[in-house]
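Both complexes shown next keep chain A, but they swap its partner, so chain B is in the first and chain C is in the second.
And then the complex of A and B:
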C-alpha cells in the first residue's frame, strides 16, 4: 500500500484498510415466506390382500421418520455483484435452541435471495442483519463528521457514518461426521433422527447471548438411509393354500448443518433434517380354490403348475433403486472448518 | 435340504468409504429360516402342512476409526442383534 489508511488493534488484527471494501449495515430483514422440502414418497402394492395375515403392511408412510426443519426465504434489496453478508438473529439461544444456517444465496433481479434452514419448526422466526459494501448501499446521512476512506481508484471503502460491520468474534467450527450414529432401523421401523453430539467451539465471553448474531453458511451435509426387505413363501391355512410375498423399502434423510448460540461463550453445530423420503414395493401371490382342488384330487400333481404361478420367496424385481433418490449413501460431505463471524444486534438496532 | 430359494443367512459389504479418517462400512445382512430336510419337506407338501420359507435383509451402517477386520464387522453386527437364522 503506497498510500491509504491501515488501522490495527493491539493484537495486530486489521480493523480498517482503505484498500478493502468494508461491509456496512444494510438493514434488518424478516422472511418473505417459509417452506419445507416436500417429502419424496411412494410405493406400489399388488395382490397383498388375503395372504392369511402373513404379509407385512405396516409403516408404508412416514411413520417413525424424524421431523423436518423449515426454510425461511428472504429477499434482500441490494443490487450489485457482491452478495450481502447476512447474520442470523436466532429465534432463541441456549442448549434447547434450534440450529439455523444459511443454505442459499442467489441474485434474483435487483434483490438477493437468502434462504435460512432451521432444524425445528418454531412460532418465532429468525431475523437477518445484512451488510454490503458501500457501493451497494443507498442510504444517506446528514451526519457531517466521522471517518471515510477511499481506495487508490477513489472509490469509498469505509464510512463510519454507515455502521460498518463489527466482528468481536470469528473462528471456525467443524460439523459432526454422521447425523445419525448406530442402528438406523429394525424391521419396518426406521430410526434416522439426528443423534450426533453437538460440536461446540468457545469464544471470548460476551455479555448477553440473546444479543448475538452470527454469519455461518451451512456447508456440511450428510445423507443416510435404511433399507429393509422381507420375503416369504409356503402354505397357510390348511391344504394347498400356497402363498408368496415380498416387500422392499428404502427410507432416507438428507441433513444440513446448522448452528446456534449455545451461551455467551459457546457456538454449536449439528445437523437438521432437510429432506426425507420413503419408497416401497410390495407384492404377493396366492393360490386357493380350483388349484387347491386339483391338487387334492391329483395328489399334488399340479404343484408344478402352481409353482409357475406362485414364485417362491425372492427379492427378484422388488428392489427399490436407491440411486434415483439420494445424492450419495451413508456418508457426509464438507464438514471441516466452517468459518463463522459473531456480531451483536445492539450495534445496529 | 430344501428352502425353495437361493438365499442363505450371511452378510456382505456393499459400500466402503474412508471419509475424514472415519471408515463407513455399509453391510447388507441377510437372515433366513432354516432349511427343511428334503424328505420332511416333501412330506409337508404331500400332506399340505402350513410352513414358510422366510428371508429378511437389512442394510446396516457401521463406523470404525480404522479399517475393520471381518471379525470386527461380525462383532459389530452381533451387537446390533444380527442373527443369520430366523427361528421358526
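And then the complex of A and C:
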C-alpha cells in the first residue's frame, strides 16, 4: 500500500487494511416466524377391505418416519445488493445440541430474508448476529471515540464505533456422505432416521462454548428412500372364491446439512430431516365362481407410476416455497468443504 | 497487553485490538444460476477464505446444486455442476 493504515497482529495476520472493507456489526435479530416443510403423503387403495385376510393395511401414514426439523425465518434490514453475513447463536451447545444452518438467503425488498434450519424442535430459538460492510450499514452513532479508516477514494472501510467483526476461529468442514447408513427398512417399517456419524473439526480452545456464534451456510443435502412391495393371491372360503392383492410403497427423506458447537474446541456437521414423504399404491380384487382376476402392475412399473404421482405432487404453504422433495435417490449434493467462521456473542452483546 | 494496539469505545470497553484475529473483506462475487464464470482482480493476501452462500431458489428447489470454485492468484473460477439446477451463488472472499 502506498498510503493508509495497515495493522497486523503478532502472528502477522492482517487485522486492518484501509484499502479494504471490513464487516461491522449490523444487529442482533430474532426470528419473525417458524415453520416446517409439510409432509408429502398419499396413496390409493382399491377394494382392499377384508379380502383374503392377509392384505397389509398397516403403516400407510408417516409411522416410523423420523421427526422433521424446523425452519426459522428472519428479516434483516440492510442496504445494498450483497447479503449480510449472519452468524448463528445456537439454542444450545454440546454433544446433544441440535444442528442448525442457514438454508436460504433471499433479497426481499430492502430486507434480506434468512432461513435457519434446525434439526430438532426446541422451545428456545436461534438468534442471528449479522454483519455488513460500512457501506451497507445505515445505523448512526453520536460517539466521537475510536478509529476510522478510509480507502484512497475516501470511502470509510473500518470504524471501531460500529463494532468490527472479530473472528478468533475459521476453518472448513465437510458433511457426511449419506444421512442414513445401513438398512433403510424392513417389510412395511421404514428406517430413514439420521444415523451418520457426526463430522468434527477442532479449533483453538475458547473459554466458553455457549458464547460462540458461527457463520457457515448449509450447502450440502442428501436424499434417501425406502421401497417395499408385496403381493399374494389364492383361494378363500371355498373352491371358487379367489383373491389377489398387491401393495407398493415409497418412503423418502430429504436432509439438509447443519452444524453445532460441540465444545469449546470442536465444530460438528451432520444432517437433519428437512422434508419427508410416503406414497403407496394398494389394490386388491376378489372373484367368485369362474370370473377372472385382473392382473396388477408389478415391480418397476408400479414404482414408476408412484414416481409419477410423487413428481406431480407438491405442497403449498405460505411459509415454504412449493416443491416436491424426492429430487434424487440415495445420494447427496454439494458435499464439498464448507468454510466457517466463529466469533463470540459477548463481543457484540 | 505489552505491545500492539487497543481500540476502546467511549465507555472504555475494548472494541478491537492487535490480540484479535479477523478477516478482511477482499470482495463479493456473484455467479448467476446455471452459469460458470471466472472472476478476475481478486485481491491477494497471505491467507484467504472463500465462503459460499446460495441465493434465492430455483422455483422451490431446495435440492439445487451450488457452484464449485477454485481460487488461484487473482482469479476465482466458479463452475456450475448442472446447466439447469445450479443456484445463484455469492462468493465472499476474505483475507488476513
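To be clear about the criterion, the second predicted complex is superposed on the first by the 310 of 349 C-alpha atoms of A that agree within 3 Å, B and C clash if a C-alpha of one lies under 4 Å from a C-alpha of the other, contacts with A are read in each partner's own complex, and residues count from 1 in each chain.
Throughout what follows, contacts are C-beta pairs under 8 Å (C-beta built on N, C-alpha and C of every residue); 3 or more make two chains touch, one makes a residue touch a chain.
Note that the coordinates shown come from a computational prediction; the quantities given were computed from them, not determined experimentally.
When the two complexes are overlaid on chain A, chain B and chain C sit side by side with no clash. Residue contacts after overlaying the shared chain place A:137 against neither chain B nor chain C. Touch criterion met: A:185 reaches chain B, while chain C stays clear of it. For chain A, the partner touching the most residues, choosing from chain B and chain C, is C.
By the touch criterion defined above, A:199 lies against neither chain B nor chain C after alignment on the C-alpha atoms of chain A.
Applying the stated contact rule after C-alpha superposition, one finds that A:261 touches neither chain B nor chain C. When the two structures are aligned on the shared chain, A:227 is found in touch with chain B, with no touch to chain C. Once chain A of one complex is fitted onto chain A of the other, the partner contacts of A:177 are limited to chain B, with no touch recorded for chain C.
When both complexes are overlaid on chain A, the residue A:336 reaches chain B and chain C alike.
Taking the two complexes aligned on chain A, the least Cα distance separating chain B from chain C is 14 Å.
Annotation: chain A residues 336 touch chain B in one complex and chain C in the other. By the touch criterion stated above, chain A contacts chain C in their complex at residues 7-17, 20-23, 82-83, 85, 102-107, 133, 143-147, 160-161, 163-170, 215-217, 219, 221, 223, 254, 256, 274-275, 321-323, 325, 327-328, 333-334, 336, 338-341. Looking at the complex, you find that chain C touches chain A at residues 4-5, 7-10, 15-16, 18-26, 28, 43, 45-47, 49-57, 59-66, 68, 81, 90, 92, 94-96.
By the touch criterion stated above, chain A contacts chain B in their complex at residues 54, 177-178, 181, 183-187, 224-240, 299-300, 303, 312-315, 329-332, 335-336.
Contact residues on chain B toward chain A in their complex (touch as defined above): 4-5, 7, 15, 17, 19-20, 22, 24, 26, 44-46, 48-61, 63, 80-81.
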